[in-house]
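Got a structure for you, written out below as structure tokens; questions coming shortly.
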Amino acid sequence: MSDIASGDMGPWLSPEDLDLVRRKVPILYVDAIPARVDAHGDLEAVGLLLRATDEGTISRALVSGRVLLHETIREALERHLEKDLGPMALPRLPLSLHPFAVGEYFPTPGSPFHDPRQHAVSLAYVVPVAGDCRPSHDTLELTWLTAAEAQTPEILGDMIEGHATLLRQALAHLGRLR
Amino acid sequence: MSDIASGDMGPWLSPEDLDLVRRKVPILYVDAIPARVDAHGDLEAVGLLLRATDEGTISRALVSGRVLLHETIREALERHLEKDLGPMALPRLPLSLHPFAVGEYFPTPGSPFHDPRQHAVSLAYVVPVAGDCRPSHDTLELTWLTAAEAQTPEILGDMIEGHATLLRQALAHLGRLR
Amino acid sequence: MSDIASGDMGPWLSPEDLDLVRRKVPILYVDAIPARVDAHGDLEAVGLLLRATDEGTISRALVSGRVLLHETIREALERHLEKDLGPMALPRLPLSLHPFAVGEYFPTPGSPFHDPRQHAVSLAYVVPVAGDCRPSHDTLELTWLTAAEAQTPEILGDMIEGHATLLRQALAHLGRLR
Amino acid sequence: MSDIASGDMGPWLSPEDLDLVRRKVPILYVDAIPARVDAHGDLEAVGLLLRATDEGTISRALVSGRVLLHETIREALERHLEKDLGPMALPRLPLSLHPFAVGEYFPTPGSPFHDPRQHAVSLAYVVPVAGDCRPSHDTLELTWLTAAEAQTPEILGDMIEGHATLLRQALAHLGRLR
């Protein structure tokens, strides 16, 4: 998850509080898959975040982050999309906040959705973006891939297993599983 | 349903063929609720078609019509939205064609979803429209109503029961039931 | 929410830790509406928990409770159903854990889904139960109501607003809105 | 689709009427994937129909068939499940008739969902069965496969492409995509 990968859950909790909370309760997340759609509403491409790791390899990720105290799910989605895609992305948030999937990440080794730092539950959405995407972080790029390209082992292998699974679930939901 | 109310199922079937088919199989429809959304994706208003009947009363309806042979559900949605809202409505068709509800209309008296002419099964969608809506038929207007306004007995009472039910199901789906 | 109404979030967190966590992050819940279904899968009745309050009035509630650290959503649903309906209720948990609705409760006065103690996000499910329901708590009963009975102002008025809304959303989802 | 593979759409329409109707309108179907679930509601196995073809090869299929005039979707599901799994299968039909997918089959060569005889639209469901499955037709068997087994190229290759896709969409919907 992007804000975790950067070792930070935001300015709203001190690292000590965060550590405490993570040892007490599951943490609520939203995951979003940016999408380009054509004039008929058909999927053209999905957007994946690309990041160089300290080890010199690359990793790919969905837009993802925590829901803050007093924040609605809609606000959290909007905030994380803006954080990762920039202020001109013009995301079209869904009218209905029914997620296409609920991801459950556990710190336990061997979990299918594994997150070493925490137990997280994530509500996942596909979000069409109509504008210009400019990831703001230095190390970050956004890559647009067709549904077929996104499902190659090379691409899926650059993602954590939970994100790779959510991406394939999203494409299945849209009738675009290879 | 709009194209039925006008006594016509389109130029693609003769009246005789139509009568025959309706006596043999259920007929597939799409129903669409046009929606205005704000910049955050929240519902601002739903659009209902308004029509003066021959008896001098008015009736309200969803955008609705038959899926033609060789036509995809997406094409049928697009065609009926254009037919009823005009070519500048700019509907944003959903990425996923999972309906929020499946309506089943029966000709049998007393059916909750009653259609005197046929057994119809309808896939129902809420479709944001971003452009300028100009219903093309003489007798037709489009009225925008807030979720609260749309749920008054006066408005619901101007609709056939199936459409009134689908409208309330849509608002429930969007978390906007009064 | 039932375990909150009893002033307790379970033995797994001390009251001090709970207070701390609630001031830091949204708390994840599951809400379940027990259902009786006939042999064709049609809804016969929904089950509502009935409780005498200290003030001598009664309140009605859905089965509801927190998801614990390291607990799956499925396990949380199962635990809360057993806690409130007893060990012989034989709930048939859904194959898919897509909620029919996501409830967002805020402590802010005037929130449509209001919970004075916390910001909670709840995944809501309808769960058929095939067995014998015996609420274990002293003050608790389970009442079975038809879809029509459950939607009367008297019944809805005995519930907190969030639960009343989820119940109506569930009935809309099942095509049983009055 | 099973009743088509047997060259018959049921006794309710003469072959001549059927041919006529198929040349006029899309035909409405239901597709069902029988499932074994454990006591916690988790998927244990999916059931696929196995049939020897005239050419001496085998084919696998979902439970599938037409919705008849005046028949509800629920009744059609129940009838086709009983026809293919026998009267003791005890299917647990879903409370909600929201399909996990809508399949669109076209007679056009090259369609992703291809059906040489007709344009069909299918509402697809996963249906837990609790009883004893005894396919009634001579040539038919039911095979239970784990989610992993069902996704092997060997199994998927024995199905028409539309059914293979629906099966994978169902497993994605249940979080069980390989």
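Order as written gives the chain letters A, B, C and D; numbering starts at 1 within each chain.
The criterion applied here is as follows: a contact is a pair of C-beta atoms (placed from the backbone, for glycine too) under 8 Å apart; a residue touches a chain by one contact, two chains touch by 3 or more.
To keep track of the chains, here are their UniProt names: A, B, C, D = ADP-ribose pyrophosphatase YjhB (NUDIX family).
These numbers were taken from a predicted model, which means no experiment stands behind them.
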- Expressed as a multiple of 5 degrees between 0 and 180, the CA superposition of chain C onto chain D rotates by 180
- Message: Quick check: more C-beta contact pairs at A-B or at B-D?
- Response: B-D
- Message: What's the distance between the Cα centroids of chain A and chain B, rounded to whole Å?
- Response: 35
- Item | chain B and chain D, separation of their C-alpha mean positions in angstrom | 29
- Note on the structure: In chain D, the residues touching two or more other chains are 97-98, 100-101, 173, 175
- Viewed as a graph of touching chains, is the assembly arranged as a line, ring, star, complete set, or other? complete
- Partner chain C, residues of chain D touching it in the complex: 35, 37, 40-43, 74-75, 78, 92-98, 100, 126, 128, 173-175
- Note on the structure: So, in the complex, the side of chain A touching chain C is made of residues 13, 17, 20-21, 23-28, 66-73, 97-102, 104, 106, 108, 119, 121, 123
- Seen from chain D, its contact residues with chain A in the complex are 101, 165, 168-169, 172-173, 175, 177
